[in-house]
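Here it is: the structure, laid out below.
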Amino acid sequence: MSRIGVFICQCGTNIADTVDTEKVAEEMKKIPGVVHTQDYKFMCSSPGQKMLKEAVKKHRLDGMIVSACSPHMHEKTFRRACESAGINPYMCEIANIREQCSWVHHDKTKETGTVKSLDLTRMTIERLKKNQPLKPNKIPVNKRALIIGGGIAGIQAALDIADGGREVLLVEKTPSIGGNMAKLSETFPTMDCSQCILTPKMVEAELHENITLMTYSEVEKIEGFIGNFRVTIRKKARYVNEELCTGCGDCWDKCPFKQDSEFEHGLKKRKVIYTPFPQSVPNIPVIDAPNCAMLQKGKCGVCAKVCGPKAVDFEQKDIVVEEKVGAIVVATGYDLMPNEHFGEYGYGRIKDVINGLQFERLASSSGPTGGKILRPSDGKEPQSIVFIQCAGSRDEKKGVSYCSKICCMYTAKHTMLYRHKVHDGQSYVFYMDIRSGGKRYEEFVRGAIEKDGAMYLRGRVSRVYEKDGKVIVQGADTLSDSQVEIEADMVVLATALVSRPGADTLAQKLGIGYDKHKFYNEYHPKLKPVETVTAGIFLAGTCLGPMDVPESVAQGSAAASKVLVLTSSDEMIKDPTTAIVNDFTCNACWDCVVACPYSAIEKTDIKDREGNVIRRLAHVNDGVCTGCGTCVAACRSKAIDLKGYTDEQVYAAINAF
Amino acid sequence: MSQENTEETQATETTETFEPKIMAFVCNWCTYAGADLAGTSRMEYRPNVRIIKLPCTGRIDPLFIIKAFENGADGVLVSGCHPGDCHYTAGNYHAKRRWIAFRSLMEFTGIDTRRLQFSWISASEALKWVDLINNVTDEIKALGPFMDFKNLKG
Amino acid sequence: MKAMYLKKAELGKLISSVQDSGALFVGPVVDAGNVVYKEIGSASELTGDYIIPVTTYKQWVFPQTEVVATFAVTKEGVDLDGVDLDPPDVVVFGARACEAASLASLRSVFTWGEDDEFYTRREDRITVITVGCTAIDDECFCTTVELSPASTTGSDIYLRETTDDEYMAVAVTKKGEAFIKAHHGVFHQKRAAEPELVELKLPEPIKGIKKEKISAWLARTDNYQSELWPRLTRKCFGCGACTFSCPTCHCFDITDEGTAFGGERRKNWDACQFDHFTAHASGHNPRDTQFKRWRNRFMCKFKYYPDKFKTTGCVGCGRCIRVCPVRLDITEVMEEISQISE
Amino acid sequence: MEKALREKARELLTTGEANVIIGYEWNRRKTRATPAFITKADEVDRLIFNPLCVNNLSIYLTRKNKDILRMGKPAIVAKGCDIKNIVVLISEGQVKREDVVIIGMSCNGVVYKQGLWKGELRPEIMPVKCHNCDVRNPHLTDFVIGDHIDFTPPETPRGMVFDKIAALDAKTPGERWSFWLEEFSRCIKCYACRQACSLCYCERCITEKNVPQWIETSAHQRGNIAWNLVRAMHLAGRCTFCGECERSCPANIKLNLVNQKLVLTVKDAFDFKSGYDEKIHPPMIVFSPDDTENFIK
């Protein structure tokens, strides 16, 4: 038989005004298992808590009920008091007789409130009789972090975590870190040179003693859970020994074969052995295997011949490594919507219709034209450029429903860069709305219009075609209610930002959610913007959705701070309210595995001594389980239960109703 | 147990004096907090509801509801976070599916569906909670004691 | 006592007379497509068109669920309050000879050691009126277990149908005699000529089955492990319909139902065919597969019962065969055992 | 057809592709079909297939029948409707597809209960599932025995069960309650419905769980209502309407009505039909944010 103490709080007059607390204390004495009851003015005050602790000792209590305010208010307080008095804190339950009783039933005769308080307290007592002492789960935490994606968000996160003293593994798919930001010429609204602010960070990441770079590598598999992830990474063969290579460039100078440069978006060729761009980190080339004559046909090998340190290695193979980390930051970035969506704008058909990133390359002093704005078709300087905004964005029928957010700003930037480089050039911008929320952003756009003479036309473009070496743009100007036809030399599309191809596959490997556009879901859009439903996995940058550089950096830092919190101690303390499987009655139907929103339930095998599987069982990973209980309701045989909210506890409460 | 109640209710309670017993299964994060807010805002509502707090509507099993009726509940209320707002991301979606099937079953077996009410109430919707409790209480009061279940032979 | 007669047309009178005496009148009626025993109000509810009802009348001596005590939870502990049973008089009309023989078997169990008054008090107040069978089906095998439609064991009154729509009634027991006396207005003595009786239908005894051989085979302990058991009975999936429709099965479970404040202790039918019937609290289950449970049922009927009580455990009513969803036929097992026992 | 079946069985047993054939044989009097377990090639001639073969043998693939699982790899004689249950068992991890040989039987229908058989299969003695059958040519098989059957089920399912559901739906809740109270009051808690169902494969049925005892085990109205509601709920989205529970019920409770009602509900609400795709999870454990209802306030 339990020895329960019941404490009724008067909360000054907050409860006592409408509840006869003395009567509640009297009545509760009659319940089997209750050995002590008491009402008091302020249970949460320090004399109140002292009284409570003394009662525990005096009456040898093994559980207690505090009928007081909402558990959201003082459950922690009383459980702590319980613990310091020597009983398990989970043997303390709160009956909410203030927020859900005395404050909402204003009957001054106290009858209404007293009757309800009696019921609520009695139900809680019966529930408490079925409580079990619980211990918080302690989970060891591996202090290394994995960053997936070496763009600005990933670099920022890596640097912050590394500066915090934790080891970081930065995995990048392409041969160099830097991401999309490395392609930009200048950045709005300050017009800093993108390379100038990014390159030092890239170098810092390369040199940081706590950061290990794994470029040209991809995450293949992720197992485990918060604090204890096992990550399988494929390091693709570079065919260049990273240890030996000095990055001198002799190999790519001499390589006789050329391909379109991915980094330059096809505006320039690169060699078959190459680094994506001159400031690549690491400055070690890779061989584009499918296009290499040596690797495909065994003929050539010039690069190997000219390589002083003999770093070229045609025998190199992919290497698969397993790494253990405690936290993961996903910062895989964005892509531009593919060409085929913009038939009416002539993209891919008309050479002088380009996208925003191509324009960035044209404007970049390290770009294919050395920073001169020249048309791709004939290399002439365009005298007029039409910028078309919302190419694909905010267009549910042909593109995507969302706003790509950064295009208004970079288009304004483009018009400025154009005017700065071609002083008599005229730019036209077709827009739907100008969205320039942000510090100094509106002023920036006004500057483009007022100082740099960009002609903004509110309307959509209906058709783009070539005529006599010009690109003709037909559209509407809805403000003057007129049809517009512009003979332009070049057209720049502000193409929609979309998620990376394969974003969904990676999300499935990680067990994180994604929306219909395959952008990753944050745990809570307001309060947990960089967390995911999978504990220990965080998000940063444009893999969440379109955002600009400062936001990406902020998110990188935010994710890093989350990682640092997680890795600040050797063990993580987790609430013991987790599900638990009864091995005898589990059917291995995996309903719980499927229903669990957190992938916290695993399929396990029970083997005999010879190693034959004799049974299969569901097993809850306490590290991942958040205690929602969805699995319990899904389990037909009730072979799974939720500690702290067991079937027995609920049943007891219903039975005392 | 219920037999006792039956005699008692039949003997003494007419619709005038009848005070229904209503059991509410609510989630910790939205509806429970919403009900707390009603208190903090000193709103007033009918005193007939007894809450059982659960972490999430996903935890709520039809067994709870059946047992509540067996134990003499005249009405049962189930409430949690609005779709999309679940603290555990999806528990309420699971719950919704379960309720769709269970309610259809109740309807088909002739269990008065007015005795079982479902609602989404967020942590800020104190007023909605108050209205819900008042409406449900009045509705069930008008329906009278849930004799279908109370009369079941034990 | 001499044979008396009862006009079929006057059954209604009998029912009223029984009801006037304060007793329940139970007889075969059609319910949801099944002929079952039910308490009836008037003769029109009765059916005469049946081989044997699907359910037994044992529920009036051994109800499927009954309260044996009530309890209240108090500060001091649990107050248990036993039930002092005062059952009504029950008249079962239209029983069959096979089934009537089962009451003796049930009584042996419920009076073994301590009397189970929940049984005996009920049985004391039941009057069984058997009607001799004039139709049979493939599943009937009373003659194979040494009973027949003409057996009067267990009946209080035995009726035979006559060709002129009457029953000839013979009181078998004192209780039967008393019943006829009590309702003498409905029974009458026959006129001059003896009436012609409708011929009884007897099932052909199954030739291959030899009861003594079964007993001998079962007595050999090594046969408990015989391959015959799984081979013949593994198709059983343990539904328990056989035990619940069997007139001699008698297993029960005690269970408490209630709330935090109190409740009832109940005696409920249970069945050896259920997989948790022998499950231990540890999780171990000595009868862990279905054939072992089925073997137990067979052993119970043909060995344990006769050994312990010298009464029959199987009356050949054939209900278990009719209700079996996998058509596991107990006579096929009896036949095979008889044959391998040669 | 039987000849082909026996040949296939012989071949499977001889080659060792299967260790036991789970099929049908005659009872002693040759009046009823009954499940058979054939382990020797020279016993395959016991196998039969005809409209009396009503049993859904998939029950013998479940964890409830451990001694049968121990007999080795099974080859199961299965009608299309039986295969639906095997599909669910596979999707719920109870059976691995590669661990069972499915001998699919082309089927023109079976009798509702064997007792109705008078030597000829007439529409009146067939269960509703047969009249609406879309798997007369079985769908998930290793082998098919029998010729292709040309049969198109009616576009909207027809038959007594559907008529009765419609009739009940049209009644008042009070009338429906009386109807079911009467039906469920006949329940004797023998659990034949559960035992006959291959999808009720729990190690421990919820009604046998006594800490806490959610469902009262007594066969009184309260316990019967609770049991029948929960049984139906546990089959929601899973039941394939094979009808074994109703066939096995000694009290003739109209379980097909309540099962089919939930089949229809799940079809309407979640656009799901059980028993067709072994790679899809049953609908009650997954969700769609687009699920619609009209009762949550």
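Letters A, B, C and D mark the chains as written, and numbering starts fresh at 1 in each.
By our rule, a residue touches a chain if its C-beta (ideal position, glycine included) is under 8 Å from a C-beta of that chain, and two chains touch if they have at least 3 such contacts.
Quantities reported herein were computed from a predicted structural model and do not represent experimental measurements.
**Q** Give the chain pair, either A-B or A-D, that is connected by more C-beta contacts.
**A** Higher contact count goes to A-B.
**Q** Look at all chain centres (mean of CA atoms) and spot the one farthest from the centre of subunit D.
**A** Here the answer is chain A, farthest from subunit D.
**Q** In whole angstrom, what separates the CA-based centres of subunit B and subunit C?
**A** From the centre of subunit B to the centre of subunit C is 46 Å.
**Q** Could you put a whole-Å number on the gap between the CA centroids of subunit A and subunit B?
**A** 37
**Q** What is the distance, in whole Å, between the centres of subunit C and subunit D, each centre taken as the mean of its C-alpha atoms?
**A** 31
**Q** Among the residues of subunit A, which ones contact at least 2 other chains?
**A** Answer for subunit A, listing residues that touch two or more other chains: 584, 595, 634, 647, 651-652, 655.
**Q** Counting only residues that touch at least two other chains, what does the list for subunit C look like?
**A** Each of 257-259, 261 in subunit C touches at least two other chains.
**Q** At least two other chains touched by the same residue of subunit D: list those residues.
**A** 204, 206, 214, 216, 218, 220, 284-286, in rising order.
**Q** Tell me the shape of the graph of touching chains, choosing from line, ring, star, complete and other.
**A** complete
**Q** Going by the contact rule set out above, which residues of subunit B touch subunit C in the complex?
**A** 1, 71, 154
**Q** Hey, which residues of subunit B end up touching subunit A in the complex?
**A** The contact residues of subunit B facing subunit A are 21, 23, 32-33, 35-40, 42-45, 47, 50-56, 58-61, 64, 67-68, 71-73, 87-91, 94-95, 98, 130.
**Q** Give the list of subunit A residues in touch with subunit C in this complex.
**A** Spelled out, the residues of subunit A in touch with subunit C are 30-32, 122, 126, 584, 652, 655-656.
**Q** Taking the complex as given, what residues does subunit A use to touch subunit B?
**A** The contact residues of subunit A facing subunit B are 70-72, 96, 98-107, 112-113, 115-116, 119-120, 123, 513, 523, 533, 577, 595, 597-598, 626-630, 632-634, 642, 645, 647, 650-651, 653-655, 657.
**Q** Under the touch definition given earlier, write down the residues of subunit B that touch subunit D in their complex.
**A** Where subunit B meets subunit D, its residues are 2, 62-63, 66-67, 70, 83-84, 90, 93-94, 96-113, 117-120, 132, 148-149, 152-154.
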